[in-house]
Amino acid sequence: MFGDKTSKFVVLGGLLIILVGSFAPNWIVNQFMFGFSRALAILGLMVLWRTGLVSFGHAFYFGLGAYAVAIFDIKFGVTDVFLRLLAGAFVAGLAGYLLGFIMRNYRDIFFAMLNTAISMVLFGIVVKTEALGSTDGFAISMSTIFGMSPESKYPLFVIITLVGILAALIVNFYLKSTYGRLTTAIRDNEIRVEYLGFSVAHAIHLKYTISTILAGGAGALMAMSLGQVDPESMINWTVSGELVFVTILSGPGNVLAPFIGSLVFEVLRTYAFELAPQAWQLIMGATFLTIIFFLPGGIWSLLEKFGGKKNGK
Amino acid sequence: MGNSAPILEVRDLLKTFGAVVAAKDINVDIFEGEVVGIIGANGAGKTCFVNMVTGYLAPTEGSIKYSGKELIGLETRKITHAGISRSFQVSQVFHSMTVSENLMIAIAIINNQGLDALRLMDTPEVRSQLDDILSRYKLDIHRDSTVSSLAQGVRKLLDIAMAVVSRPRILLLDEPTSGISVEEKFDFMDIVMGALRDDGVTVLFVEHDMEIVARYVGRVLAFYQGEIIADMPPKKALADKKVQEFVIGKEHHKQKK
Amino acid sequence: METFLTIVLDGLQFSSYLFIVSAGLTIIFGVMKILNVAHGSFYAWGAYTAAFFIGKFSDMGTPDAFGFLIILAAAIAVGLLLGYAIEQLILKHMYHRDEVLIVLATFGLFLVLEDIILIAFGTDPYFAFQPMALLGSVELGGIVRDVYGLTLIGVATLVAVGCWWLLNKTKWGTLLKAVIYDREMGISMGINVPLVYTMTFIGGAILGGLGGAYIAPTISVAPGLGTEVIVLSFAVVVVGGMGSIAGAAIGSLIIGLLRALAVHELPQVELFVVFAVMAIVLVFRPEGLFAPAKPRKI
Amino acid sequence: MNKGVIAALAVVVVGAVAFMLTGEPPKKEEVKADADAKQLTIAVPSFLTGGAAGPFGIPAMNGAKMVVDAINKGKLPAPYNTAGFGGASASIIELDEGGGATKQVAEYRNLVEKRNVNAIVGYISSGNCQALAPIAEELKQFTIFATCGTPRIFEEAPRKYVFRTMAHATADNTAAAMYVKEQFPNLKGYTGIQQNYAWGQDSWRDFDLTLKQILPAAQASDNVQFPKIFAGQYGSEISAMSLDPAELVHTSFWGGDLEAFIFQGAARGLFKEKTGVLTVGGTAAYRLGKKLPDGLVLGARGPYGILVKDRDSALNQWFINTYKNLYGTFPSGPAYQYGQAILAAKIAYDKAGSDATDEELAAALKGITFESFSTTVEMALGGGHQAITENGYGITKYDEANGENIVTNVKFYPATCVMPPEGENSVDWIKGGMKGAKC
């Protein structure tokens, strides 16, 4: 069941990174934390992308997750990592499930646009509401683990990585299930799927909900590892664009891709920002175009080339 | 057919698109095990009829009963579950996947409904069913080739094979031989009809080619401007004045061009 | 009454601005089926070019009226150069790709162009107040308004009429409409679609540039001014119906007036009302209020 | 079998290791230990992009660079004419402050944990300061905020490693209110337009509360505008204010937003009908020249820029002249404020030594009083972490003769008059009638 190569490597790789993290300097641990937090969201977008759906508004769920952590922290003093993660994933997932009833009827540009619209509505509300921190957002207190407040960030990093492993395993399994296999099928030919006796709407609804839960979790983890949330960097449409960016960068080939992709993205951004404080967007944009043009399969397809044999989904 | 109750009962079917009448006063009984040919010029309402029976189009008026059960208002997938399946004039398959992937998805969908769909797709039982279908439809050689790389004929074959995965009791074939070269036609139909006969499926197929009709069909429905102008055995139909004038005449005319 | 008149004028002024910007976007989408995120960059480049040269020329002592010429020139220059370059170097090679992927490509372009602005024009804001100062101000509905802002309404009307005329009264228009209706049909009719695409994209880019160039005198032209415009014009285009000029006009009016109303009566909702409308329209009328006709394909 | 995965894994691991070989810098403490290197790195974040760059970020950065350079060379006037920071010369890392608080937090972590800077001196946006204060505490990093204004930073929680060397927003607005009272004693009503975040909200709250205290006759408008920061177009807002009966408009706008607002307002005759109070107007005075309407009440967030142009202390004259020679314009507020923060850093290092730990540096700066370029700075609040300075306002006038803006009726209010005493929260202090204010 989880016996396939990918799963094994997810587990091995994850544990290895946890090990590496234990003696890596803080800033590297940070890169991994940010990278892997975001990777959760990418994992969800990957599922959608395989179905031919690209959401230009998943910052909505990313933001919901992050702000759930902030609000629960300020209003109810919730600091436990797992409670926070749960809160984020649940709030976003619930919203995603409800909106899914509408979203599942949309495709292509309309799907992308409707998601954008929804996310911008939230953006507008948060920015204008002082109670929600308006443009400043909130600072988030250090997370505790079962009541213990850790000295360093390492425990949080370990948890994020473990969550990442778990998510990767589940999604990997999902993709091999009938539901999962339907992704490409639906992209290819919805009529046939319906005639085979399967509801395309339901399938897409499930995928959408999964992607929103993951995005919410990602937001929550990101908020915890950063210690800060604000609308500009959590909800605005540019964030959605960023998420899609990383999805394309990673490539849909395998559940490992999002993790590698987001890691590359973090490093790329850190250095771009360090080398050219005024031109880092240019570097990112150029990279993005290059990927779209010369590497449609994303970084993963590159790895496959090195790896030689094509890796079946 | 005898006196047993019909498996498909169509009554006073009417379909209009604004002013255009696509189907009118259609009354047909189809009996278990029949092989029925549907002929008619382009736009005579053949495909429209197929679409209505499979729930892809909702009729304006009328009723379609399947072994006593009303089909009107059901979604296509419900009708598939009920036991009616179809193939398409332009083959509707998953072009970016291989033949076996196409069929495996079809099989898996039929096997795991609802939450079962979260089960692994690629299982031994799925595999065995796959091999069975591949061999019966002579698709083994193509099993690992991607659809987009296949010839029309093979796609059509796959299209039909996917339709029968659900083990339908009624199968509607929409112009199965269109786009297939004259030489291959009969081998193709032999494969298909052979396979179907083994399962005792009731078959309705839309066809332009009168030779095919004459060879495989026990009964002909001739459509003209949305109405059935003839419902009789093929020999009689091909001789029929109205049919010759409104259907075959045009057909021959068309084929000459 | 005073308030009402003011709201209407504010609304119309903002609508006009929205329309000029989104007209280009909707034309490009209608013809090429490309949702061009980089449209915001055309706007920004238009604004910068105009502001830069208006400043330069008035330093050289040329009469302020000259500013209007510069605005027009800037828009055309930006459209021609940027539009042509992007269409030829990037988009041309993507038409066979998935339309969503093209959107992403334009997003990449947007990022790049934003920073090129920084490199080209620096971070210091530009001011091109001369044209606005030239026209002075009038008392309307109890409050003073700058005439320049009001001319915006005129310009928008001109653009609207111009587009309508081009589409309905010229041979070019019939060709465009053919392509908009059905690309394959266009090709089969022997229309040189690639050329149509290039021209359309340049045209759209010019309109985007014009939006920026014309608004430049009223704002401090500073980095990052393209970002907001994109989502705003998306909202307009979606509300009106992607690819329809009339739709863009209606969309601009609805959003412009609603926003003005919000600012006066309920400032807190000013920002989100725009996108609320967008979402609602998408939910109840995905094709937009004024969707252009689509061919029936079975 | 699945080579792709192997390759993927390989890359991740190799990548991670590569970081540690190339990227891993010596641990922070070690850096500070080898003092004989006598080379410090000070990170100076400021707006290098966005609308705030021109009016704020760039002058601020210039001020910082100029002062650091002078300190390295020992060129500052007495008593700061010793070379270096505790003897060590410092190099600056320039950093863009744009992109939102969350991005800044990420960058800050990088500064501390990857680039191992010794001190971080700067920040303009209150949003960023508010977000970074807790992070600085978490990472135990000696940090001096230069310009940002919201009082919350030291009123929310006690800070150990964070300092701010200029007065917070309360001073700007209490002073503004007092100035308004003196200049327009029979004011009937006032309204305002603020950016929609901590800075704008606090500024309006303080100004409004103070006026309610000292000028109860004046009515606050119930339709105060809070547009999004960096919105750039204020047509409708200006209309709304024009329709408002209030005769006075208070704004805490700054940078590009302020300049855009001045243009659009001037073109609409807003400042003819109503008196504009610009708490951060100082930056515009030098930049806009004739375009700046006369008769605006203008502040510079303290005794900086145009308000102190004629103060002839050696330090001030040095600052103005050197800046003018280097950059061709007079130094505006942000230049002063960043210079002042750098100066504070020098003082801390001189006291604690160039190899001091963050704790020692914090101890050295805590609660001191020092003579800055244009004024006396007292680290009096927030347990000796928050500075108080005098605060002043004037009225703009374009001086045709010299073709430049000047301010008339300049009045300064002593620090203890416009800021709450230690331990008291500004809002409560104002509500309580500003007890203990020594004016």
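The letters A, B, C and D name the chains in turn, as written, and every chain counts its residues from 1.
In the analysis below, a residue touches a chain if its C-beta (ideal position, glycine included) is under 8 Å from a C-beta of that chain, and two chains touch if they have at least 3 such contacts.
Computed from a prediction, not measured in an experiment: that's the story for all the values here.
S.K.: Any chains in contact with both subunit A and subunit B?
M.R.: none
S.K.: Shortest hop count from subunit B to subunit D along touching chains?
M.R.: Step count on the best path from subunit B to subunit D: 2.
S.K.: Just list the two chains that share the greatest number of C-beta contact pairs.
M.R.: A-D
S.K.: Would you mind checking which chain's C-alpha centre is most distant from the centre of subunit A?
M.R.: Max centre-to-centre separation from subunit A belongs to B.
S.K.: Compute the distance, rounded to whole Å, between the mean C-alpha positions of subunit A and subunit C.
M.R.: Each chain's C-alpha centroid was found; their separation is 33 Å.
S.K.: Could you tell me the distance, in whole angstrom, between the mean C-alpha positions of subunit C and subunit D?
M.R.: Between these chains, centre-to-centre, one finds 37 Å.
S.K.: Counting in whole Å, what is the centre-to-centre distance of subunit B and subunit C, each centre being its mean C-alpha position?
M.R.: Centre separation, subunit B to subunit C: 51 Å.
S.K.: Which residues does subunit D have that touch at least 2 chains other than itself?
M.R.: 48-49, 226, 228
S.K.: Residues of subunit A that contact two or more other chains, please.
M.R.: Correct list: 127-128, 278.
S.K.: What positions in subunit C touch 2 or more of the other chains?
M.R.: Those would be 118, 123, 268, 270-271.
S.K.: Chain contact topology under the given definition, line, ring, star, complete or other?
M.R.: Topology of the interface graph: other, matching no listed pattern.
S.K.: All pairs of touching chains, please: list them by chain label.
M.R.: After working through each pair, the chains in contact turn out to be A-B, A-C, A-D, C-D.
S.K.: Given the complex with subunit C, which residues does subunit D contribute to the contact?
M.R.: For subunit D paired with subunit C, touching residues are 47-51, 53-55, 57-58, 98, 223, 225-228, 230-233, 235-237, 239-240, 242-243, 256, 259-260, 263-264, 267-270, 272-273, 288, 291.
S.K.: Inside the complex, what are the residues of subunit A that reach subunit C?
M.R.: Listed in rising order, the residues are 52, 54, 56, 102, 106, 108-110, 112-114, 116-118, 120-121, 123-125, 127-129, 237-238, 241, 244-245, 248, 278-282, 284-286, 288-289, 292-293.
S.K.: Please output the residues of subunit A touching subunit B within their complex, sorted ascending.
M.R.: 1, 173-174, 176-182, 184-185, 187-189, 191-199
S.K.: For the complex, which residues does subunit A have touching subunit D?
M.R.: Touching subunit D from subunit A are residues 5-6, 9, 12-13, 16-17, 20, 24-28, 30-32, 34, 127-128, 130, 134-137, 139, 141-142, 226-230, 232-234, 253-254, 256-257, 259-260, 263, 267, 270, 273-274, 277-278, 300, 303-304, 306-311.
S.K.: Provide the residue numbers of subunit C that touch subunit A in the complex, in ascending order.
M.R.: Going through subunit C, the ones touching subunit A are 35, 37, 90, 93, 98-101, 103-105, 107-116, 118-119, 123, 227, 230-231, 234-235, 238, 242, 268-276, 278-279, 282-283, 286.
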